[in-house]
Every structure is written in C-alpha cells, then in structure tokens.
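Some structures to go through are shown next.
One chain, chain A, appears in both complexes that follow, with chain B as partner in the first and chain C in the second.
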Partner chain A sequence: MKRYPPFVALAVLAVLPLVGLSTYTMHVLILVIMWAVIGMAWNLLGGYCGQVSFGHAAFFGVGAYTAGILYSKFDWSPWWGIPLSIAVVSVFSLVLGFIVLRLRGPFFALATLASGEIMRVTAENWVDFTGGTLGILVQKRTWVGKTWYYYIILLIAAGTFLLVKKLIESKLGYYFVAIREDQDAAESLGIHTTLYKTVALCLSGALTGVAGAFYLNYMGYIDPFVVFGLHDISIVTIMIVMVGGVATYWGPFVGAVIMVLLAEWIRSIPGLGAAYQTLFGILLIVIIIFLPNGIVGDFPKIKRLLGLQRTS
Partner chain B sequence: MTDLLEVRNVSMFFGGLAALSDVSFGLRKGEILGLIGPNGAGKTTMFNVVNGFYHPSRGEVFFKGGKISGLRPHQVCKRGIGRTFQVVKPLQRMSALDNVIASAFLRVKGKGRAEEIAAETMRFVGLYDDRNVISKGLPLGKRKKLEIARALATQPELLLLDESFAGLNSAELDESIGIIQKIKARGITIMIIEHHMKVIMSISDRIVVLNYGEKIAEGSPLEIAHNPLVVEAYLGEEQSA
Partner chain C sequence: MTSALLEVLLQTLISGILLGGLYALIGIGMTLIMGVMKIINLAHGELMMVAMYVAYWMFVLFHIDPYLSVLIATPLLFFLGVGIQKFLINPVLKVDSILPENQVILTVGIGMVLANLATIFFTADYRSTPVNYATSAWYLSDYWRSSPIELSLSVPWTVSFGFALFITVALWFFLTKTDAGKSIRATAQDMETALLMGVNVKLMRVVTFGIGSGLVGAAGCLFIPIYYLFPSLGGQFTLIAFVITILGGLGSTVGAILGGLILGIFESMTATYVGMGWAPVGRFAIFIACLIFLPGGVASLLRRKRLGK
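This part shows the complex of A and B:
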C-alpha cells in the first residue's frame, strides 16, 4: 500500500490539464510544482543533511542565467539550459561549497545568505554578460499555452521526487542524516563529512538550478532582483519546507501548495495584498511554535488535535 | 613482535598548556589496556590524538606499522580504530538501529548487508529489543551501549572506550563488563578509560597511568595498585609529620 501514493499523485496530476482548466489555474499549478522541486532540493541539503541554506537563490539564479545567457549570447534554445544548468550549477556549488562548508550552523547559514546576495550584485553589474538590471528577455516563447510547460515541470518534479527518495533510503541518506545529527560522531564513524556535505550541496544546487532554467523558459524573462532575490527565492524556499515538513518526502509539496495559494490569495485582496510578506512572517512564527516539524512531520499531532475537538 | 598501536613521544599543547607531554606506550594485539589517571590527566586528549580529532603537537602515532597521526578521524576509523565518547553522542533523531546501520555502511555497500551487520551487533550488545526506539529516548545505560554497538559496527581491530561505565548502576555494570569480555574474545584489542577502579583492575591486562599529561606508570593491575607514584597521584602526598 505504501508504495502507491506517489504514483496515484502523479496520475492525478497528469490527467489534470485534460479537464480544461483556466490559464490562470494552470499557471498556479506550474508554480506550485516548480516550488515543490526547489523545496525538495533544499530539503536534501537543509532537511536531511542539516546544512540550513539561506542562499538557494544563488543556485536558482545561476540556473536561470545559464539558460538565459545561452539564449542571449550564443543564440541557442534556452531549453538546452536545463541539462546544461546541471553541469554549471554543480561546478558553481563545488566552488561555493569549498568556501561555505568550512562553516557550521548559523555561520554556514549567513555565508550562504551572503553568497546569494553576491550573485545578485554581480548579475546587476556585469552588464555585458548578464544584461544588468534590464535582465534577459526571451523574444519568442516556445508555446503560448501552458500545457507543455506543465508536463515538463511535472516530469522534473517526478524525477526529483524519485531521486530524493532513492538517495535518502541508501547509504548516502544515512550519511546525510548522521552528519545532521552530530558531525563529530559521524566523522568518528568513518564518514568523510566534508565530502558528503559537498555531495549534498551539489545535488541540492543542481536540482534548484534546473528549476531556475525551467523558470526562464516558462516566464520568458528574468532579472537579478527576482531570480537572485533573498525574499522572493531564498526565504520562500525555506518557508515552503518549514511549513510542509522538514526532512519529509511530501513536505515540499504540501508547503508549496499552501504557500503559493496563500500568496496568490492574499495578493488578490485589495488593501492587504501589499502586506503579504508580513502575513507570511506571522504564519512562519505560528508554524514554528505549534508545528515545529511542519504539517507533514506533525501530521499525527494535527490528527490528534482535530480528533479531540470532535469528541468534546 | 611489533605493537598494534604505538604512541611515540606524543605531546599535545593547547596554548601554553601541555595536555600531554612526551607520552609513549604500546598496545599489543588482543589485550585490554586500561588508561587511568585523575581528572584532567589527559586521558580523553590521548583518545582524541589517536582517533584523529587532534593532531599531536609533537610525536607520532602508529597503527599496524603505519603512521596515523595527522589523518582525519574518518580515515583513522577506516583503518580500523573505533571509538565511543565520554559524553554520549547518539544520532538523536534516528532509531537505535539506524544509528548502527549508518556506521555499518563503512565496510559494506548494500543496505541489506548493513542492516544484517547492524542487527547482529545490536544483539551482541543486548540492544536488539530497543532497536526501533528513537535514540534520544533511550536511558543513559542503553545510550552507552549504543555507542559501543556503533563503534563495533565499523568492524574495528582496535576499540577505544571512553568511560563506557560511568553513571551505570551495578546490574548494568556487570552486563557491560560481560560485553567487554565478549568483545575481547572476538580478538578485538581494547583501550579503555575508566574511573571505576574495581572494573579497570579486573578487566585490564595492563594499565597506563597519566597524571598532568605525563605517563607516571605502566604495568599489570597488581603492579599499578602498589606503585607509590600512582597512590600519590590519586590520594595526595603523605603528610610528613
């Protein structure tokens, strides 16, 4: 029984576009699935390996710019950016990891936060290569409708889900969690902690980069403030995983659904829309206090609370 | 015959403090060596030097004839030295069995094989019934055993036990002594730090005594018990009228 839910979910999502959803609904679905991919990628490093990154925008942005520059400078189809971003972001992660993985805990978090900002400032100022603050505009989008974009991101999400599940149930997963729980103990059990943290960073970065490359193809436009954004990408990524459930398979999906729908809903309320980040902040505080393991992680607790309410 | 482990003229300085000064001793294959000394004598520092957490300021450590001082802990572990920690370090949010599986992966690739080794090790130390408990929830005595199981699952030739008996009640104490003797019977060499004198005297083949970072005695338990320097280190100098 336990093996079926992923396939059922995939089947439902695969037939969803066939029922004739509006363009807007399709757009929201695409965003949800894209965020779930980023959340799963972050979870690999932050959730399982315990290295909490505040700078996933760096990977997302490098992925997006890989596809964008391929198009703007070399006149290739930006779709090649998806496979290419895996290579580019992996190399980028190696270099970044060499610097930031020497640090532990809050210092690691601060270093990753800084690296995201450094990438943004670089992209803003390296005008010849990146187009500076004007960003990159893809003149002709591949498809006008949303359906194909939806299936592509769904495929990426399914692949990411299977990859994460496979990895976490293997030796690598045990090593990641061992490092999260106690680096010194892990080291003395023969685990090469620096190596495995680098592996986690590269995998997490590359998957986030793929989402970034997809984003460029889908939106047709990127600029440094959005794709390297601290609030728009790095913080939202953390919130999605925190709300959904850290170190759970389904947490990033649940978190992405809630966060994207909530963002869309709040932003549509006149007068309140501008304050959506304030409301997100409040939500995060509530989640951390009452459901520290997220909705998926604390699901038994939620069920118990609801059960109690029914009996009284 | 060359020693399994050889500590040669090791000194370890922290700033101006000499935690270990010019300590040398050897460990023969198959024996249990007790490392004793008053608080702050440098016992755990010695373990950290052997295990690779510290690189000695002076001197060298050899294992099976190869130099291991200067290696990182995971490399030392790979060569065949397992250790436990005085302040237990369970992988808290993992089940007890998963703790041991994680360390069993050092020598095997497949998960099935790692699980077999882990289960066998858990039975060996008597923790099999608690295998599914999240290790954070285990009482101290069992966490100490988990430390031993985890170190054993890396299939070491030399096991470093850092106060594996501290804080145990007498029933647990007897059980743990039994486990140590079973480990020895498997041919694993053991170096053990222990404050419990009765235990250390009864299980050790030889004892090395440290005081203020210096080796002050080495010998059989009987020799150590009658060594005036050791008595002085533990009880203080005799008052001369």
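This part shows the complex of A and C:
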C-alpha cells in the first residue's frame, strides 16, 4: 500500500489537463509543480543534510540565465538550457561550495544569502553578457498553450521526486541525516562530511537550476530582480519547505500548493494584495512557533489538536 | 596631475572612514546579539529602517532634528527589540524541531513583516530629510590657504561620525565598567558558567537584544541626514552588518569597529575606482576573501598578536 501514492498522484496529475481546465488554472498548476521541484531540491540540502540555504535564488537564476544567454548570445533554442544548466549549475555549486561549505549553521545560511545577492548585482552590472536590468526576452515562445509546458515540468518533478527518494533511501541519505544531526559525530564515524555536503549542494543546485531553465522557457522573460530575488525566490523556497514539512517527501508539494494558492488568492483581493508579504511573514512566524516541522512533519500533532486522534 | 590623483585618493579615504564609523555602529549591534544569543538577527536592517522612519516623521511633523531623534528612536527601538525577543524568539528557543536554524528563519519573517508594513503605511517612495545643513561642507582651503590639494568634509557626515564615535565609546564604558555590561559579556563568553555565577541570563538576553536594536536605531537616525529612505532598504543593511561581523570576528566588539572601518574604506574605494554599481560586489568580494583567508576575522589577528607577546 505504501508504494502506490506517488504513482497514483502522478497518474491523477497526468490526466488533469485532459479534463479541460482553464488557462489560468493550468498556469497555477505549472507554478505549483515548479515550486515543488525547487522545494524538493532545497529539502535535499536543507531538510536532509541540515545545510539551510538562503540563496537558492543563485542556482535558480544561474539556471535561468544559462538558458537565456544560450538563446540571446548563441542563438540556440532555450530548451537546450535545461540539460546544459545541470552542468553549469553543478560547476557553479562546486565553486560556491568550496567557499560556503566551510561555514556552519547560521553562517552558512548568511553566506548563501550573500552569494544570491552577489549573483543579482553581477547580473545587473554585467550588461554586455546578461543584458543588465533589461533582462532577456525570448522573442518566440515554443507553444501558445500550456499543456506541453505542464507535461515537461511534471516530468521534471517526477524525476526529481524519484531521485530524491532513491538518494534518501540509499547510504548517501543516511550520511546526509548523520551530518544534519551532528557533523562532528558523523566525521568521527568516518563520513567524509565535506564531500557529502558538496554532493548535496551540487545535486540541490542542479535541480534548482533545471527549474530555473524551465522558468525561462515558460515565462519567456527574465531579469535579475525576478530570478535572483531574495524574497521572491530564496525566502519563498524556504517557506514552501517550512510550511509543507522539513525532511519529508511530500512536504514540498503540500507547501507549494499552499504557498502558490495563497499568493494568488491574496494578490487577487483588492486592498489586501499589497500586504501579502506581511501575511507570508506572519504565516512563517506562526508555523515556526506552532508547527516547527511543517504540516506533513507535524501531521500527528495537527490530528491530535483537531481531536481526530486520542492522545496516547 | 599627481596632486589631482592624490586628492581623489585622500577624499575617497576620508569618506570611507566617515562611512565606516557609521557601519561600525550597525555592526556592533549585530555582533552583540550574535555573541549573547548565538543567533543571527536577519531583521537588523529592518529595525534600522523603522528607526529611520521614526526620525523622518519626527522631522516632518514636529521639526525635530534627526540628531535629536537619536534620543527618541533609540529607546523606542530598545523596547521593540525587547518585545521581539520576549514574545517571538524566546518561545521558538523552547520548541523542538529538526532544523536548529528556525530562529534565523523567524527573524527573516519579522523582517518581512516590518518591511511590508512600512511599504503599506508609508508607500514605497524614496524620501530624504531636507535638513538645511545637508549639503554644507568644510573645505581645507578655507583653513590653509596655500594648501597644494583641496579636500572637503561634509558637515552631516562628520557630525554623524562624531555621534557614532561617542555612542561607541559610551557602549564600551557600559560593557567594561558596569555590572550589567559585565554580565552581558559573561553571558556571551559562557552561558552556563555565567548562570552559575548568579547572572540572570534570561534577562541579559532580552536586554542584549534591546541594546542591539537600540544601537542600530541610533545608527538609523545618524544615517537620515545623509541617506535617502525607502521601505526595502533593510535587507541591504542586514547584509552589511553581517559582512562587518564576519570581517571583525564573531562576537567581537573591537573587531566590529575595525570591520566597519575596513568595509567603509573598501566600499568607497570600489565606488571611486571601479564604478558606483559595483560597490555591493566589492562588499561581497571582501567578505568571501575574508572567509577564505581569515576565517576568524580581524579579532583572530588581534588575539594572535596578544598571545605572541
């Protein structure tokens, strides 16, 4: 019984476009799945390996810009950016990891935050290469409809889910959790912590980069503020995993559904739209104080609070 | 020709030092909180933004000079900090969770709320305080008629620097000479031992967060005459504060002062010789160089020298 839910979910999601949903619903669905991919990628590094990154916008943006520059400078189809971004972002993560992985805990968090900001400022100022604040516009979108974009991101999400699940169930996953629980103890047991942290960072970065390359193909436009945004990318990624559930398989999905729907809903209410960051902030504070392991992680606690389960 | 070059260099150096003094004040607040609480306050810049709005409205509504607002904004921010620590951060310290970084993420949430509320109430417009001394300056040639080079010293920058210096010295006296200050330092050095020595650690944490917020509030007031103001300026100053603490060495007050000066000089050098837009990159370049070559910051150099004697 436990083996089926992923397949059931995938089957339901695969049939969904055939029902004839509106373009807007499809757009929201695509965003939800894209954010779920980013959330899963973050979860691999932050949830399992315990390295809380505040700079996933750096990976997202580098992935998006890989595809964008491929298009604007070399005149290739931006779809090539998806496979290429894996290589580019992995190399970028290696270099970044060399610097930031020597830091621990909150210092790692802030160093990654700074790296995201560095990338943004660089993209803004390096006008010849990135187009500066004008950004990159893809003149001709591949498809007008949303269906194919939906299937592509669904495929990416399914692949990511499978990869994360296999990884976490393998020996590597146990190494990651050991590093999260106590890095010194893991080191003394013979785990090469630097190596495995680098592996986690590269994998997490590459997956986020793929999502970024997809974003360029889907939206057709990027600029430094959009793809390297601290609040709009890095913090939202953390919130998705925090709300959904840290170190759970389904947490990023639940978080992405809640956060994307919430964002779309709040922005559509006149007068309240401007306050959406306040509401996000309050939600984050409430979640951290009352459900520190997220909705999926603290599900038993929620059930108990609602009186669905007897307290043992 | 060379005198012109020298002039630019010296002028850059002067503005760098003036900026560095203000940066140091921001950095000290952060390093104090980090030393005692062992958490990074990512809402630091946002707290400064709140203080800047306080000073701005004091000036616009009641015509109170921003430098006098230091006396209003600092206590206000102190109590805001105490409130945040007591009602938001303390409960999280007790909660058991997978990730220990929850407190850091919590401060991000606080910062988001503050920045967004400021946008709602005060709009996202850039504002500046029209003090009448904003553009006045002292010139070297006024005092030394035959000087070969011309240097100027902006009045508000210099006054702000003086205030920052005064506050820093006052804080140093507080930390080294008073009982409360000594208790704070003891808590930072070893919480459990401090507890055994009869220090009220819980109170000290709350007070430290308040002092850190108050310091950054004072810095905000000092920035008002020389800087423009907008709701999302906090993030940039949070990063500056963090870079300073890394540069100076974690939890070291002297290090924070030196780190602030280094960063100020370095930033104005990048702005002059590389380009205005690249100044933030210079800030991060020095940060990364520090992480690679001098992970302990300036404080570790000072310590090494002392032990070497």
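Note that in this section the second predicted complex is superposed on the first by the 307 of 312 C-alpha atoms of A that agree within 3 Å, B and C clash if a C-alpha of one lies under 4 Å from a C-alpha of the other, contacts with A are read in each partner's own complex, and residues count from 1 in each chain.
By definition in this document, contacts are C-beta pairs under 8 Å (C-beta built on N, C-alpha and C of every residue); 3 or more make two chains touch, one makes a residue touch a chain.
Small disclaimer: the values here were computed from a predicted structure and weren't measured.
Visitor: Kindly classify A:S170 by the partners it touches after superposition: chain B alone (first), chain C alone (second), both, or neither?
Guide: first
Visitor: For A:E187, select first, second, both or neither according to whether it touches chain B, chain C, the two together, or no partner.
Guide: first
Visitor: Touch check for A:Q277: first (chain B), second (chain C), both, or neither?
Guide: Second partner only, chain C.
Visitor: Going by the contact rule set out at the top, does A:T142 touch chain B (first), chain C (second), both, or neither?
Guide: The answer is neither, since A:T142 touches no partner chain.
Visitor: Is A:V121 touching anything from chain B or chain C once the two structures are fitted on A? First, second, both or neither.
Guide: second
Visitor: One more residue to check, A:T198. First (chain B), second (chain C), both or neither?
Guide: Touch status of A:T198: no partner.
Visitor: Spot which of chain B and chain C makes contact with more residues of chain A, would you?
Guide: Counting contacted residues of chain A, the larger count belongs to C.
Visitor: Of all the chain A residues, which ones make contact with chain B and with chain C?
Guide: None.
Visitor: Given the complex with chain C, which residues does chain A contribute to the contact?
Guide: Residue positions touching the partner: 46-47, 50, 52, 54, 99-100, 102-103, 105-107, 109-111, 113-115, 117-118, 121-122, 124-125, 180, 230-231, 235, 238, 242, 246-247, 274-278, 280-282, 284-285, 288-289, 292-293, 297.
Visitor: Report the residues of chain C in contact with chain A in the complex, numbered from low to high.
Guide: Contact set of chain C toward chain A: 39-40, 42, 88, 91-92, 95-102, 104-106, 108-113, 115-117, 119-120, 235, 239, 242-243, 246, 250, 275, 277-278, 280-281, 284, 287-288, 291-292, 295.
Visitor: Within their complex, state which residues of chain A touch chain B.
Guide: Interface residues on chain A, with respect to chain B: 169-171, 174-175, 177-178, 181-182, 184-193.
Visitor: Any idea which chain B residues touch chain A in the complex?
Guide: Answer in residue numbers: 51, 53, 72-74, 77-78, 83, 85, 89-94, 98, 101-103, 105-106, 109, 111, 114, 150-151, 154.
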